[in-house]
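Pasting a structure here, questions to come.
For clarity, chains are labelled A, B, C and D in written order, and residue numbers in each chain start from 1.
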Amino acid sequence: MQKRARVLIDCTDEKGLVYQISKVFYDRGLNIDNNREFVDKEEGKFFMRTVVSGLFDIDELYQELTALLPTEAHIRVIEPKSKKIVILATKESHALGDILIRHEAGELDADIECVIANREILGTLVGRFDIPFIYISSDDMSRENHEKLMMDSIDKLDFDYMVLAKYMRILTPKFVKAYDQKIINIHHSFLPAFIGANPYKQAFQRGVKIIGATAHFVTDDLDEGPIIAQDVIPVNHRLGWRDMQKAGRDGEKIVLSRALALVLNDRVFINGNKTVIF
Amino acid sequence: MQKRARVLIDCTDEKGLVYQISKVFYDRGLNIDNNREFVDKEEGKFFMRTVVSGLFDIDELYQELTALLPTEAHIRVIEPKSKKIVILATKESHALGDILIRHEAGELDADIECVIANREILGTLVGRFDIPFIYISSDDMSRENHEKLMMDSIDKLDFDYMVLAKYMRILTPKFVKAYDQKIINIHHSFLPAFIGANPYKQAFQRGVKIIGATAHFVTDDLDEGPIIAQDVIPVNHRLGWRDMQKAGRDGEKIVLSRALALVLNDRVFINGNKTVIF
Amino acid sequence: MQKRARVLIDCTDEKGLVYQISKVFYDRGLNIDNNREFVDKEEGKFFMRTVVSGLFDIDELYQELTALLPTEAHIRVIEPKSKKIVILATKESHALGDILIRHEAGELDADIECVIANREILGTLVGRFDIPFIYISSDDMSRENHEKLMMDSIDKLDFDYMVLAKYMRILTPKFVKAYDQKIINIHHSFLPAFIGANPYKQAFQRGVKIIGATAHFVTDDLDEGPIIAQDVIPVNHRLGWRDMQKAGRDGEKIVLSRALALVLNDRVFINGNKTVIF
Amino acid sequence: MQKRARVLIDCTDEKGLVYQISKVFYDRGLNIDNNREFVDKEEGKFFMRTVVSGLFDIDELYQELTALLPTEAHIRVIEPKSKKIVILATKESHALGDILIRHEAGELDADIECVIANREILGTLVGRFDIPFIYISSDDMSRENHEKLMMDSIDKLDFDYMVLAKYMRILTPKFVKAYDQKIINIHHSFLPAFIGANPYKQAFQRGVKIIGATAHFVTDDLDEGPIIAQDVIPVNHRLGWRDMQKAGRDGEKIVLSRALALVLNDRVFINGNKTVIF
């Protein structure tokens, strides 16, 4: 049966990789609908994302590539279909709302399994879209205990990515490790400027002329994970920090949704603390 | 001897091109330092730019690729070296000056053979850089006669590209045809908005909130050639058209220089009335 | 009682206006919280927006300014409060959805009276927010007859502005005249480029490197009204026109919402075919 | 005699300032060609920049405003004319070159008194423009001794502003203090990200998707002075740090020149560690 797949390969760079991989596609009579490669010369790493179509079996193609490439190669052969996401939020609705509207319009390439929040207020909005909402209060609770309750709920779910849509809690290394390379966060500054709490206030006090937003994978180090997308918004002396916060929301939601689309389309490779994006 | 070359191929798309071409590189033991492809599905055209290095002969590689690929394929194997350019200008110095400064710093990837202008005023600036300046007045002269004089001078020169650095004369089809796919112009608007004369005045009168600049190859149709690069600058009601003109100059010079760098690095394919840029 | 008002004045420019107007505020003991002026020297017109606070009566202040200024002066003294809007849409949900989410979050400075659409599909989304939705099919109906039905519904409503959130119908001069200076449209191109139908297809065919969106007041001339806000998004040869359309939606919704916020905050003066924005 | 002046006032905010100041202009029969104000509510400070024209004496106007306003008020009445600048540089020519080209075109609103560099290499370029070049080597010399030599040269000059056009030396507090509020620097990052040495390498290692440039007044704290202008340039994983450095140069020179134009037009107020820009 005619089908299409995204082939993602990253491995140590060596001579002949493009030839050898394209030979596999050629020998099977597959079309290359799209092909992008990148060699990180500093790290000696090779990245390739190819969209192939034709008559083939996904497992067989995976096996053949596995046999061909070095053991350490990271190979994925992915059928394009909706992924599953879980969204964590707190009280702001702009980033969450942007995802909900895209989801409703069928433009998200993902099914939202659930929205989980440490405040109750977004329940109404989420309910409007008939999406499960779980409220797990963080009041009067240690970070560890709260995360334990969160994980109890999360681990009942089947999902590909967890999206922090302005989830205003710092995560413990334990939590991050449990969902390694699966958590996407939107930070409300142009990282690495203004790491940590209230970046808009920091930006205001510093008197910057541009503010930004950064979507990144979450790792142990606060706001230090691989960056997926960034954008900026010009500001001036007329804006107080709350005005910056308000102006910044548009950037936040657009950057998060753009990063999410890239990830859901399997366009993002994690390369150490950076990303390669095709 | 170890060398490096840029291989540029555009041809009708068909199955197996990446494989066949990469096989040529592989069989010769060449490294692929950089590789980018694009398939224009609407037009059924394939574009590929590969930087290869290793022990090889440029002519032999060209011959082998020519033998391999369909007759209509457009194949170039280019050794990276400075190209030669001729600059046409009139009276504004910002775009010309930007190129002169880059040239002086050794950052242009091109040698400036000559600057030709239909006004005398830029002679001083060009002279400061010890670059030949030819003044061919367009006063009291038909377009055809002026162009004839221009071509007499131009045709004595050996050059790869002709750069219109705010050359404020409309070119005849005859002139354009003589230097087909070699002329790069900077138009002082965000094309296709404000084609023709005084785009800043047009932009002012229309009350736009953003102005732009467009670098493009010149074809018969005024301001209609393939676009290489564009950029924009925000404006507001406080700017009169001369203020817009002044603000716009930064965009013009940066866009022209950026487009020029892309062309000089053999990163630009012309695809009908569009460009493919790697 | 302590209150605040926005004073908006536009009139023929003459010496002493700032002095005379600020004297009125001073004599009444009012604070100037914010003050911006602009003189359009070409047209000889004066624009001023002042936010004053203190003890005063809005009507009295209006009367005093009216007595002071030339007869032709256009004076508004506006208490800051939510305005009322009507939204027209067709089938795309991104611009509408962005407004709905802001409305739900209490960030819109407006109450949505009603959403009216010529297709049925957005009824579900609007219903989720408990906002009235009126479906007036345009199928098998002349433009005039359809607009008559629209106006029957619209004229039962009390509203300050009508927002065309991707309402994909051309309006007749009669309709536009009935709601003069009240209709805000988002056009999916960087006007004046690509006026009319399917601007993304036009942009794709022209091979532009940047696409845009334009929010403007609607006047008789299609896509020719005073521009309120514009923004752009970079594109490249990899995007087909549907990809551009998809990428452009983010720009459309943000530009429309930004323009709407400016209008709702009484920051926009219409100045002939342009705007002055404070 | 008909003349024009820029009146710049900053003082503690209080009721009636606009009225009182505009009354002075009105009573003298002056035209207000342009007027902008800002109140920093957090700090309780008032800023006003008015361009007035008419028959008046600059000293008299200054005296009258001084008599009217509180003692602590900072008042300037400035006739629009070319200011004098000194440029410090090291070895990169892009920012310096941009200023030289603008100067040559008569677009700078400043006379360049001298270029001083701690390397010899830029002497050729500066010499081309017949501008004095002083080379003061920093080799084998303590920062203090080198600065002493620099100051010996600088203090013989009469200038309004000192422009650090990629002067790659850290300045001592003593040097900075000597030219308080007169030194404008271009930092090759989007401050406060990547303070200090080799910001492009830092940006590359962090894997950012946008790089930037920041023009600011120099204060004691390294890269911490009031920001005048910033701009950004998108980057991706394909750029090594030297590519980022190359791409960033365009931003650096444009931002520096834009900041310089604002300062030379007396549009910039220093407000603590921030700026107010009209």
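Quick notes on this structure:
By definition in this document, contacts are C-beta pairs under 8 Å (C-beta built on N, C-alpha and C of every residue); 3 or more make two chains touch, one makes a residue touch a chain.
Note that the coordinates shown come from a computational prediction; the quantities given were computed from them, not determined experimentally.
The set of chains in contact with chain B as well as chain C comprises A, D. Of all the chains, the one whose CA centre sits at the greatest distance from that of chain D is A.
Mean C-alpha positions place chain A and chain D at a centre distance of 40 Å.
Spacing of chain A relative to chain C, judged by their CA centroids, is 35 angstrom. Annotation for chain B: no residues touch two or more other chains. By the touch rule above, chain B contacts chain D in their complex via residues 92-94, 97-98, 100-102, 104-105, 107, 125, 128-129, 246, 250, 254, 257-258.
Only residues 15-16, 18-20, 22-23, 25-26, 29, 31-37, 39, 234 of chain A touch chain B when the two sit together in their complex.
In the complex of the two chains, the chain C residues touching chain B come out as 38, 40-42, 190-194, 205-210, 212, 226-232, 236-238, 240, 271, 273-277.
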